[in-house]
Structure formats: C-alpha cells, structure tokens
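Report on the following structure.
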Amino acid sequence: MPGHVLELPVRWSHLDKAGTIYFPKYFEWFDLAAEEMFRTMGLDWPTLFVRENILGLPIVEATARFILPLFYNDVIRIVTTVGEIRTRAFRLDHQVYRGAELTAKGYVVRIWVQDPKGPQGKMAAAPLPAHIVRALEAYKA
Amino acid sequence: MPGHVLELPVRWSHLDKAGTIYFPKYFEWFDLAAEEMFRTMGLDWPTLFVRENILGLPIVEATARFILPLFYNDVIRIVTTVGEIRTRAFRLDHQVYRGAELTAKGYVVRIWVQDPKGPQGKMAAAPLPAHIVRALEAYKA
Amino acid sequence: MPGHVLELPVRWSHLDKAGTIYFPKYFEWFDLAAEEMFRTMGLDWPTLFVRENILGLPIVEATARFILPLFYNDVIRIVTTVGEIRTRAFRLDHQVYRGAELTAKGYVVRIWVQDPKGPQGKMAAAPLPAHIVRALEAYKA
Amino acid sequence: MPGHVLELPVRWSHLDKAGTIYFPKYFEWFDLAAEEMFRTMGLDWPTLFVRENILGLPIVEATARFILPLFYNDVIRIVTTVGEIRTRAFRLDHQVYRGAELTAKGYVVRIWVQDPKGPQGKMAAAPLPAHIVRALEAYKA
C-alpha cells in the first residue's frame, strides 16, 4: 500500500531570495497532504469537524528532515502514510520525492479534540472513534 | 544568558477556520527569530550571505512540539538559544512563551553552505568560520 | 489627523528570488493595518464580530499602486485613513512610507455583513451602525 | 481566444477564522496565473529573467473586485488575458469563475526592468522586446 500521493510543482512563490525553498512551505505541504488524504477518505476538514463535533485535529508535534535541495520547476510527490494510531492521536508520515530521490521526510502528530463549551475552553483529547481508526488503518505503511 | 527574545502578537492572519494557529506559522516565527538573532549579532541575512559568500543557511532539520493552544491577542515571546555547534552546522532551540507558560518548543538545524559555481551546483556544507562560532557561543543556553 | 500608523521592517520572508517584495505581501500589510486600526478603536476583529453579530468585514475591492521598490531592512510606515463611509461599506486608504518617501498606496473597501442563517447562506450587506460610523469618522483624512 | 486557464480548489489554508478567503490569497492566485501563463509560452520566470537579463517583472499596479464569496471545496478557474500592451509595461486581466459564475476579477500591471548595476541600483523600465510583445499578443482578449 503506497499511501496517499499529492503531486506539486515548485513555483516562484516557494522560493526565498537565495533560491531555496522557504522551509515552512514544507509544513504547508504536509498539512495539505493530510487534508487531501482525508478528502480521499470522504472526510474533508469542514465535513469531518462538523460531523464529529470536533474542534479540528490540532497538531502536537511536527518534524522534518531536508535531504536534498529542491529547484524551480521540480515536481514533487508527497507520499503520506499513517505511521501510528494511538488512543487519542495519530501520526502521519510524509515523504517527499523528486522522481526516485527522497528529498525530505517528516511527520505530524494530531490529536482528536472535542469541541469545548466556551470560546477559550480547555481542549481535551478524546479517543478516536472506531470508524476513524478503521479509515486510518487503510493508510498504514 | 536568556537567549534572544522576539515578541509577537497573535493576529487574525495566524488563525485558521477553527480559530487555532495554522501550524506552519510557528516555523515562520522560528525562522524570523533566527533572522532577528543574527541581526542583533550584526549579521542580517543579506549582509551575512554576501560577506561570507554563502548561499544561505539551509535547514536540514526542523521540529516543534505544541504544548498549549494560542488565542487571538495572545502576546508570545520566542526565546532562542544556540543548542549545539557542530563543525558544519548549528542548532537553534526556540521556546515559545505566553507569560510564564511554555506553549511550544522546537529546534532548527542549519548548515553552512558555500555558494556553488553553477546555478544548480551541488551544495556542500563547509566548516563554520571561527568568528561565526564565537558569535554563536554567546547565545549558548 | 494623520491616521493610524503601523510600522514594519522588511524581512527575508517578504522577498522573492529576485529580491523584490512578493506583492501580495502589501495586501497582507493593508489587512493588518486595518486590523490594528480597529484594535486601537477598542474593536479587535473577534470582539467586533461577536459583539455586532457580523460574519466579518468582507472585502469587495482592493487596489494598490507600487511607486518605489523596497529593500531588505527598510522600515516602512503604513498610514491608514478612512477615505469614504457609505451606508453599508467603508473605504480604508493606505499609504506606505519609507521615511518621507511614498513608496506605495492603495485602498480596500469593506462591507458590513450580518451573519447569515445557514452555513452557506447569502451574505447581505447591512447598514453600518451609528457607533461604528462615529468611530470611523475619527480616522477620516 | 479564451485566455490562459488555471484551475484551483479552495482549501483549508485559504480560509480565515470567519470561513472566508483571506483576500491577499487572490493576489497570490493572480501571480501564479501570470507565472503559469508565461510557462505555457515557454518562458518560466527563472528562464525569462536570465535569458532577457531582467530583474523580474515588477508590479506597479494591482487591483481586484470581489463579487461572490467562495467556499471550501469550490473549484475556481482563473482566466487570464492580456488587457493592454504598452511600450514598457503590460496589463494582465484575471477573471475568477466558479462554474459559470464570475466571482472576482482584477488586473495586474507589470513593467519590464533591466537588471541594474549595483545591488540597490535604480530600477528603470525598458521597452518590451518585440518577441515578448508578439508572445503576449496571442493572449489578448
């Protein structure tokens, strides 16, 4: 099972003055990859958040290693798999490829948070529902 | 030695539809904190890159843990220290505080890269010059 | 009455590969200037939107003219005045200065929109409340 | 002649807390549409800038009118045509459609600027080369 694949070209707005990727972009790409993976599961963010009455899938950890530089016009493939499913959290692993080269990799851990009562109420992680666990398991590496 | 401090308010453009910080923003803040720390050392990015004939300070690793959510109007302090100085790389540690609360922390590893000959030449990490090492040591935790 | 002033430095993340400002940044600055002007009126966005039961202040028109290029380390002042108050809309005029030089100018027209019933209900502009008109008049050029 | 078409989906990162598009995003989309139009002409930005020895295509004016709100999952088509070709500048007109609905429109005026000698040299607009004029004329509305 190869995981979810998101293809993206490197464009002008991704580059800083030195001609390298402004590195927070990679985390924007990881976030978009997660969003697209859930969309292919039939669970786009707004649908998911309303249906499950959750505040979102807050990120508690994010990390990336940058192995090879990217250049303008490179087309990258972000391959996303589910690395771990815990009771109240899950980890998505992202690998960035240019052709066969692995150029970067990272992961993002998200928690399942019920919508709190007040506008700034304490956010508490809740157990992942069984149907979400099942949907995520299809993307385990 | 408390490290370099960058103070920032949480504003509308930092929030996503769920009212939480769009997490790549934290990495933008870490990047700005590094830039400001070097500025206080008299080495703003363009000056540094031209004077040292380097292509930049490419990031090879970036990571963050998010401990407490931030809200609109929160004023955060990003405290940056030098966590490690290697021969060809250094690690900046960033801690995000709201008042006395640690709300997030992370680190970014950067390498010293000589400007390559060609436009897409191989980037090779070079040893950090002694005066850069000395300047960084002043920010060691 | 000089209008509301927001001061900002030009930083690395504002620059594209050509070393010029990525022009959508100016509109981010205009948006932040409007947000800060309302904050000084005691009406930060979340407070305003909840108190007045509005969906926001949707933008119906935005324009900018770029007169002089900006460079790294330039400190700019965005001077914001209220250019026009209509029944259901108002126009904010933004002027960008570097020292005494006018480097850019533009305006943004926003409408007053009541929170619609449904999630994708029709948004209809409503008359600006009298106390909002009074607050805006203090910033007329 | 329908102009250049760029298709984009509305995603989570485009939305602000009110669920509306953060309006500077439209200008990012206009900029990307221009970049893609030049790519289809065989002139991607880096190739164009190096081959023609220009600093870029600095923007001197940008404007947009927002007619209908966009929502998550909307797929938009940005139709770009050349509105005017002057001696040293050209105007790109952008229309944003959701299906048959025109949801926004705007234009961006860019100038042709020779690479100045010094790092912060005066930028002076130069006449558009004949082959660039010819390439742009194919996109006139």
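First chain written, first letter: the chains are A, B, C and D, and each begins at residue 1.
One rule holds in what follows: a contact is a pair of C-beta atoms (placed from the backbone, for glycine too) under 8 Å apart; a residue touches a chain by one contact, two chains touch by 3 or more.
Note that this is a predicted model, so its numbers are computed, not measured.
The fewest steps needed to get from subunit B to subunit D, moving only between touching chains, is 1. Subunit A and subunit D have centres, each the mean of its CA atoms, that are 29 Å apart.
Centre-to-centre, using mean CA coordinates, subunit C is 22 Å away from subunit D. In subunit B, the positions touching at least two other chains are 12-13, 16-17, 19, 22, 28, 31, 45-46, 72. In terms of inter-chain touching, the protein chains here all touch one another pairwise.
Put simply, subunit D touches subunit B in their complex at residues 12-13, 15-17, 19, 22.
Per the touch definition, subunit A reaches subunit B in the complex via residues 16-20, 22-25, 27-28, 31, 45-46, 49, 55-56, 58-67, 69, 71, 108, 120, 123.
Residues of subunit C touching subunit B in their complex: 11-13, 28, 31-32, 35, 44-46, 72-73.
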